[in-house]
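Shared chain: subunit A. Partners: subunit B in the first complex, subunit C in the second.
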Partner chain A sequence: MVFCQLGGGCELPLISIPPDLTFIVLAAVTIIGSIMALQAKELIYGAVALAVSFIGIAGFFVFLDAPYLAMLQIAIYVGAIVVLILFTIMLVRREATDELTDRPERGEGAVGVWLAGLIAVAISGVAALAGPNLPAEPQPASLPISDLGPTLALQYPIPLIILALLMSAALLGAMALAKLEK
Partner chain B sequence: MLGIGLYGLSVKKNAIRILFAIEIIVNAANLNFAAFTRYMNPPQVSGQVIVFYSIAAAAMEAAVGLALILVAFRLNSTIDVRRLNKLKG
Partner chain C sequence: MVGFPPTPAEILALIIAIVTSHQFITIVVFPGFIHLLLVVAFLTWYERKVLARIQLRIGPLYAGPGGILQPLADGVKLIFKEIMIPYKADRPLFLGVPLMLALLAALPFAVIPFGQNWVIANLDVGIVFVFAAASLFPSMILLFAWASNSKYPFLGGLRSLFQQVGYEIPMWISTLSVVMLAGSLNLVDIVNAQSRIWFIIPAFLSFIVFFIAAMAELERLPFDLPTAEPELVAGWVTESSGAIFMLIFMGLYMKLYLMSALVTVLFLGGWWGPAFLPQPVWFIIKTLIVATFIIIPRGVYPRIRVDMLIKLGWTRLLIIALANVFLTILLLSSGVLSAWGWL
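Up next, the complex of A and B:
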């Protein structure tokens, strides 16, 4: 479980909560799902593995007292993005099944693995250094979902509006792109 | 997960795989936000708000990216980024 540190926040529950089966299972599901998503032979299997990984992240959100985020994660990532990806895979099916062309060339594969390992070691090192300074016990009071709405609308109204504009722009752009003629 | 995503970004040639890698990186960042905001003292929801924005932005990014892939496929009948080099001088 070297990659355990890469999940982000992995080290925190391990310190605060004595060996926790939930956490280990979630981390394994997430990590294996994301590796499978990139390495599966068929692109469709990759998309399904990506969905599994997203569900693992949703589990982490529940674990971190953020049930609303877990719901969003399932609804948007698993429900929308993965379905969108599946549709695209089907539309470009002829190319998508031609996975023989997707093997990394020798030098590039090594560079990728080295990059991933370097990042893993760096993050683990920072986590190990910061470990003693972290609050050992999380605050017992969990955050009520009802706090999220006022914070969103009152404390950060401008980002919300920008997000809405960005969303319409992205929708229009995606539709315009998809209708583009030769 | 960030490492896995970077590996995918740097190695894979299929454009859809690259999109997978981007999504994985965004998820790693979201998880970090949620984890650190949980361990704030006193607990705050601002991290969750950021994750909310991030999820929305990632969803739009995926939609636009997939539309781009569709267009690239229609114009070039390939999604192999090694062969999408028309702009190369």
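Up next, the complex of A and C:
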């Protein structure tokens, strides 16, 4: 179904993927990617697994009818941030990274499992409470992308300006740091 | 519709219905796999012939008329060659990344319109989809270079990363003026908006910036620093052999075709042309002409220096592209284009 919405005009009768299955596959990709990103013995594989988990999140955006956001997620997170991480890992000597990848203590792992279980219980409790109030069929907010700019600039001008200032501050800071190195 | 168990006639009817459906044809035959593979094979032969003519040689000659079957012979040879994996190379990445490279280069063709109806997926965010797929290239190249566990590929991979990430930015910004002129990110809409005038005229500076950035993205001469033969053997492809080599070069030639097709879609009016030829034919003719202009410098120019490359990308192209965005805003807000009947 998702693919048909993306492409527009699905004539083939055979291809119809139930939304639940799409959700489960995407969730599995994202979660397994995140776990492998944390657990990978080789840091490079960790970065690759992180990229896989980002792609899973981009899949969720497509699933939720936000293809533009999905594309930017892939271009920026996978195309730029993961590349930055890979680059950093490769510049560090291998012996130095080996020391960093030691396993957590057993107690730490148990605390993590308990916390994750608590959070899962809390989220499912909230979902169970709020469940009946949710609309049965999520309405696709089929806004054309050309409305994105006016919406951002006219409805939310102040957050936009603050974000722009933050970005320029980061850019100037990076340049200042680079000058300091010399 | 189909009973259980289905009779052979029903299965046959179903198969015929699938094979003759528009989706199947667009995915498998025309803008899809078969067409792409044929074009990639043609481009390898075509590049060798063009370079040979520039250097007063003959080029491939013996396999088929004019050597046109040479790509087939090369493909068969490469498939049967041994894949040599360097000592202590990272096997999963070394074998998996070339496959991903070829796949990623083929993926954007899902949204490239070869004609009014000859497009696999008419995505509203088509151009962003193409750039998102193309932005995964540098990481794949870096991973392959690292997985080779060898000095020259790694240096080439780092150079490729700097070059491709740096030239992506002028490329995106130069596309912005085309998107503003067409008022859409959909590639079909962008081509439809050029029915009166090709965007190369109102956005000429963008075209120049996009073309140069595309050459740098493709690592074509004069920007072939990541695969510079005298310095780095063959750069990041040094350790590849056999089928791995073939997959990488299929990916690279598909990317060459992709960039030429993008130039055609964004600036040269896509499928528009006199009606005596069908739309896809016009599109392919224009694309191959653009590809020729990307190939020719390989026989003509020397390689530029690293510092010149960085300077060109970050201080010249970026500024020209930004200036052109403001120029386009002026053009659009002054209403000149619509007054002349161009939009």
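Heads up, the rule we're going with is that the second predicted complex is superposed on the first by the 145 of 182 C-alpha atoms of A that agree within 3 Å, B and C clash if a C-alpha of one lies under 4 Å from a C-alpha of the other, contacts with A are read in each partner's own complex, and residues count from 1 in each chain.
We take it that a residue touches a chain if its C-beta (ideal position, glycine included) is under 8 Å from a C-beta of that chain, and two chains touch if they have at least 3 such contacts.
Since this is a predicted model, take the numbers as computed values, not measurements.
Trainee: Give one of first, second, both or neither to describe whether A:Ile161 is in contact with subunit B, with subunit C, with both, or with none.
Mentor: The answer is neither, since A:Ile161 touches no partner chain.
Trainee: Output check: A:Tyr68 vs subunit B and subunit C. Expected answer is one of first, second, both, neither. What do you get?
Mentor: So A:Tyr68 meets both subunit B and subunit C here.
Trainee: So, does A:Val25 touch the first partner subunit B, the second partner subunit C, both, or neither?
Mentor: neither
Trainee: So, A:Ala80: does it touch subunit B (first), subunit C (second), both, or neither?
Mentor: both
Trainee: Once chain A of both complexes is superposed, is A:Ala153 in touch with subunit B (first), subunit C (second), both, or neither?
Mentor: A:Ala153 sits against neither subunit B nor subunit C.
Trainee: Is A:Thr88 touching the first partner subunit B, the second partner subunit C, both, or neither of them?
Mentor: The first partner, subunit B, only.
Trainee: Looking only at subunit A, is it subunit B or subunit C that touches more of its residues?
Mentor: B
Trainee: After superposition on the shared chain, which partner residues are touched by A:Ile44: those of subunit B (first), subunit C (second), both, or neither?
Mentor: Only subunit C; A:Ile44 stays clear of subunit B.
Trainee: Please work out whether A:Ala116 is in contact with subunit B alone, subunit C alone, both, or neither, and reply first, second, both or neither.
Mentor: In the superposition, A:Ala116 contacts subunit B only.
Trainee: Once the complexes are superposed, what residues of subunit A are shared between the subunit B interface and the subunit C interface?
Mentor: Common to the two interfaces on subunit A: residues 6-9, 12, 68, 72, 80, 87.
Trainee: Could you list, by residue number, the parts of subunit B that touch subunit A in their complex?
Mentor: Per the touch definition, subunit B meets subunit A at residues 1-8, 10-14, 16-17, 19-21, 23-24, 27-32, 34-36, 38-39, 41-46, 48-49, 51-53, 55-64, 66-71, 73-75, 77-80.
Trainee: Inside the complex, what are the residues of subunit A that reach subunit C?
Mentor: 6-14, 44, 48, 51, 67-68, 71-72, 74-75, 78-80, 82-83, 86-87, 90, 144-146
Trainee: For subunit A, which residues are in contact with subunit B within the complex?
Mentor: 3, 6-9, 12, 16, 30-31, 34-35, 37-38, 43, 46-47, 50, 53-54, 57, 60-61, 64-66, 68-69, 72-73, 76-77, 80-81, 84-85, 87-89, 91-92, 95-96, 99, 101-102, 104, 108-109, 111-113, 115-120, 123, 134-135, 138-139, 141-143, 147-148, 151-152, 155-156, 159, 163, 166-167, 170-171, 173-175, 177-178, 180, 182
Trainee: Quick check: in the complex, which residue numbers of subunit C touch subunit A?
Mentor: Counting only subunit C, the residues touching subunit A are 1, 18, 21-24, 90, 93, 120-125, 128-129, 131-133, 135-136, 138-139, 142-143, 146, 154, 158, 161, 165, 168, 183-185.
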